[in-house]
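Before any comments, here is the structure.
Chains: A, B and C, in written order; residue numbering restarts at 1 for each.
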Amino acid sequence: MTKLSVTEVAELIGGEIEGKSREWISGISKIDQGIPGSLTFLSNPKYAEHLFSTQADIILINRDQEINSESDKTFIRTDNAYLAFCQILNHYYNPARDKSGVDNRAVISSSASIGDNVYIGANAFVGDRAKIGNGVKIYPNVYIGDDAVIGDNTLVYSNVSVYHECVVGKNGIIHSGTVIGSDGFGHAPKGDGTYVKIPQIGNVVVGDDVEIGSNCSIDRATIGSTRIGDGVKLDNLIQVAHNVEIGDHTVIAGQTGISGSTTLGKYCVIGGQVGFAGHLKVADGTQVGAQSGLNKDITEKNTQLFGSPVMPVKDALRSHLMIKDLPNMRDRISKLEKLHNQSEKKEKE
Amino acid sequence: MTKLSVTEVAELIGGEIEGKSREWISGISKIDQGIPGSLTFLSNPKYAEHLFSTQADIILINRDQEINSESDKTFIRTDNAYLAFCQILNHYYNPARDKSGVDNRAVISSSASIGDNVYIGANAFVGDRAKIGNGVKIYPNVYIGDDAVIGDNTLVYSNVSVYHECVVGKNGIIHSGTVIGSDGFGHAPKGDGTYVKIPQIGNVVVGDDVEIGSNCSIDRATIGSTRIGDGVKLDNLIQVAHNVEIGDHTVIAGQTGISGSTTLGKYCVIGGQVGFAGHLKVADGTQVGAQSGLNKDITEKNTQLFGSPVMPVKDALRSHLMIKDLPNMRDRISKLEKLHNQSEKKEKE
Amino acid sequence: MTKLSVTEVAELIGGEIEGKSREWISGISKIDQGIPGSLTFLSNPKYAEHLFSTQADIILINRDQEINSESDKTFIRTDNAYLAFCQILNHYYNPARDKSGVDNRAVISSSASIGDNVYIGANAFVGDRAKIGNGVKIYPNVYIGDDAVIGDNTLVYSNVSVYHECVVGKNGIIHSGTVIGSDGFGHAPKGDGTYVKIPQIGNVVVGDDVEIGSNCSIDRATIGSTRIGDGVKLDNLIQVAHNVEIGDHTVIAGQTGISGSTTLGKYCVIGGQVGFAGHLKVADGTQVGAQSGLNKDITEKNTQLFGSPVMPVKDALRSHLMIKDLPNMRDRISKLEKLHNQSEKKEKE
């Protein structure tokens, strides 16, 4: 990162400069691992102790943050120091910013349509009739199948595979190793223990502003479309089966799996290593803790769930914590039984 | 898909045409999302309500399906409407059907042997002495290592890696990102807390008619072979460790992991996110529910298991459902103890 | 493998030859699946029965192993037959041994620095200012981003992606499909249910002597580095989130996931399908059983844990086994309640 002007940065985020005057920002650091000359931010009160001891010199702070007037730091006040910090980084730091042009070792079908200002790296493959939007960046060794569509300004990292006929929206990011459009897992039993493949003739439709982590598998629909809504964020190694629908702005942590035809609502927050059975409907705003398992519809919106099978999170925490009390509970039951037997004996005597 | 002849389709599946006469099928649709002019099928009685309301015009039905003689649909009666539907799609719809020829940007060792009627896409790599069977289709950016074998008519999608010496059978499908033949996880403790690599000098042998989903990891054997039987179907993101053997026609759902040297029988049905410990023997026909964990041999055939650790499925469902009753059970025990103490006190008085 | 000299092999491992004299080793086999003329080893006493019945002719044995003087086998005595066997294979068997040279179809930035005696396969990509050490082997279709570093003698298999600025140490092995340096999962809620991307401007630093299995996802840090210590061994399909640190010589089995900013100590042994919550500190030498879930710090060193949430392994096994007794426990409580009610009734009469 080249040097940034303090004034320019403050203007970008609509912030006010306070404290010691400084002209340049030399880099970015964390407040508890501050580097002299660098920009950092304070958002989480847990880190407030570092506000004056940090080696960083320019600090983004929230409007209501109290500061010590004797400090020799430069402060930039803003409504939300954390979001402002992200905004600065998204503006100035973009690893693909300098990538441009179509490498002559990329393999592009003559029937593909390629937008303006694209980057297509060496050994990338773009199939017949594929549509690559304006400003798209496709890294080396990516495979884009026939009739696939990549929307404007989407970034596709190395070794991604987008199968034929799949559609990815605008302003997205797809990380390496992710597969979009592999066949759904459909095999009809023939009755003799063997199976016949159920052809998967649908596709995958990914909305706008979606980020998909590395090594995810998103299967194409049997018929129709597997759908990832706008603004969805998927972590790594996630399985999205055929005909799944994920509502807008839902976020899902790593290694979670969603079985076929399940529909997740909007604004859901799903932890890591969660499993969803097939054909479920999960209401908007559902929050699910890590390693949970869902095997029934969630009809009420905005509930917090945990466990396998899931329960309301408070019940689940209480119940699961009690598993370690089971030996104790059994002993208590045994003792009660013994006492009962003794008193019965006594009565008989 | 181009237009299909109703008569030709009926002949292909050995079905009889009934109802309104129609000449052409314009496409494929689901019965509950029917498109005018298209072919659909009715197999699951749950969807019977759509039989006359669907917009689709040609409907595959089972021989015993009752129909309304006033309907203006075209019906094709057959023994198994669902299998017939798959058969039609497998016949007419094949995304790789038009792929042929060896791209001059594929990298193929001069010592490799390449069968007839193959497709090898741009930037695919085929190593020394590798054998590519007749009718094989290898998509762009695939890596086939030295001495590897791909059997006749197998389809290998983009960005797959098949390591040296591994063998894939005939009529298979391997989806993008899958790795066949990476080293098994073998590290011998030296005694000082560090490890020495146990070289993995075996290979992987995949049978005929196998489909492997995307981003699976199938490790080569330490010595000998990791074996995937004929007709096995693996979903996405599955881990198959070194020296595992999977019996013929076993199907496994996404994100399941099988530890080293475990043997699964034939005709097993394994849910998603299941874990198998190492060195187990699992009998033919075993069925395991999602998120289960197995840590012991399953010797009886055709049992249904669930839970972690697994139990017979009925016991497991009953036991796991009771976890949420634990707080209640504890309260009942506490109450009994209190009552007992009171009555004891009373007795002493 | 070409023929090996028995004398040379014995010298390599500092072993003594006993029994029938033989000159050549023709191959490698397992003691229970021995092949005439081949070398095998006996380490696990469970396999001692095969010592004389095996078809293998040359057998590595521990110094204290008793043998039958009438045997017609050739024995090589050594301190640790298993480690010696590994040493022999690592010396003589190395699939990448013959790979050398830079393929003219590799795509290498003119600003990259390439060490001596490297192998860079066809269609591999090496970005601007990347540093490839001496003796490195990079297989076809690998992507090495700008400013990335691959240390001396490291082996990178096909279709791996190493993002910009990430650093891999010496003598490592990275298997196919693994992604190093994808963006950490960071999205700050804007307050309206949508998110703004938190740029991930850190990197990944992998130590020396590390082996990483296939299809792993190792995210770059938000700021600073995600760190994999020296001698770490990762199995397949493992998720390592941003800013995680894994201590030296820790081994982790397949499909385990570690959430952001969690620190694992040195010499840990982690089973498969385990989940770690974020921001945890796990002490050196911690051992965690398969499918466990950790949601709190582990402060005591060298503990053995199991379950979700984890408990000391003995407690966990006892408690989890009792889940299947829950219906029985409930019945016993119900019976006690009934008995209590009866006796109360009686008293009242």
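By definition in this document, contacts are C-beta pairs under 8 Å (C-beta built on N, C-alpha and C of every residue); 3 or more make two chains touch, one makes a residue touch a chain.
This one's a predicted model, so the numbers in the text were calculated from it and none came from an experiment.
Enquirer: Looking at where chain A touches chain C, is over half of the residue numbers used by both copies, so same, or under half, so different?
Expert: Homomeric contact, different residues on each side for the most part.
Enquirer: Roughly how far apart in rotation are chain A and chain B when fitted on CA atoms, stated in degrees to the nearest 5?
Expert: It is a rotation of 120 degrees, to the nearest 5.
Enquirer: Where the centres are mean C-alpha positions, what is the separation of chain A from chain C, in Å?
Expert: Going by mean C-alpha positions, chain A sits 26 Å from chain C.
Enquirer: What residues in chain A touch two or more of the other chains?
Expert: Within chain A, the residues that touch at least two other chains are 123, 141, 159, 177, 215, 237, 255, 273, 320, 323, 325-326, 329, 333, 336, 340.
Enquirer: Under the definition above, what is the set of chain C residues touching chain A in their complex?
Expert: My answer: residues 107, 123, 125, 141, 143, 145-146, 159-161, 163-164, 177-179, 182-183, 185, 187-188, 190, 193-199, 201, 215-217, 219, 223-224, 237, 239, 241, 255, 257, 259, 273, 275, 277, 293, 295, 307-309, 311, 315-316, 318-320, 322-323, 325-326, 329, 332-333, 336, 339-340.
Enquirer: Mind pulling up the chain B residues that touch chain A in the complex?
Expert: Touch list, chain B to chain A: 1, 28-30, 33, 82-83, 86-87, 89-90, 93-95, 103, 105, 121-123, 139-141, 157-159, 173, 175-177, 211, 213-215, 231, 233, 235-237, 249, 251, 253-255, 266-267, 272-273, 290-291, 320-321, 323-327, 329-330, 333, 336-337, 340.
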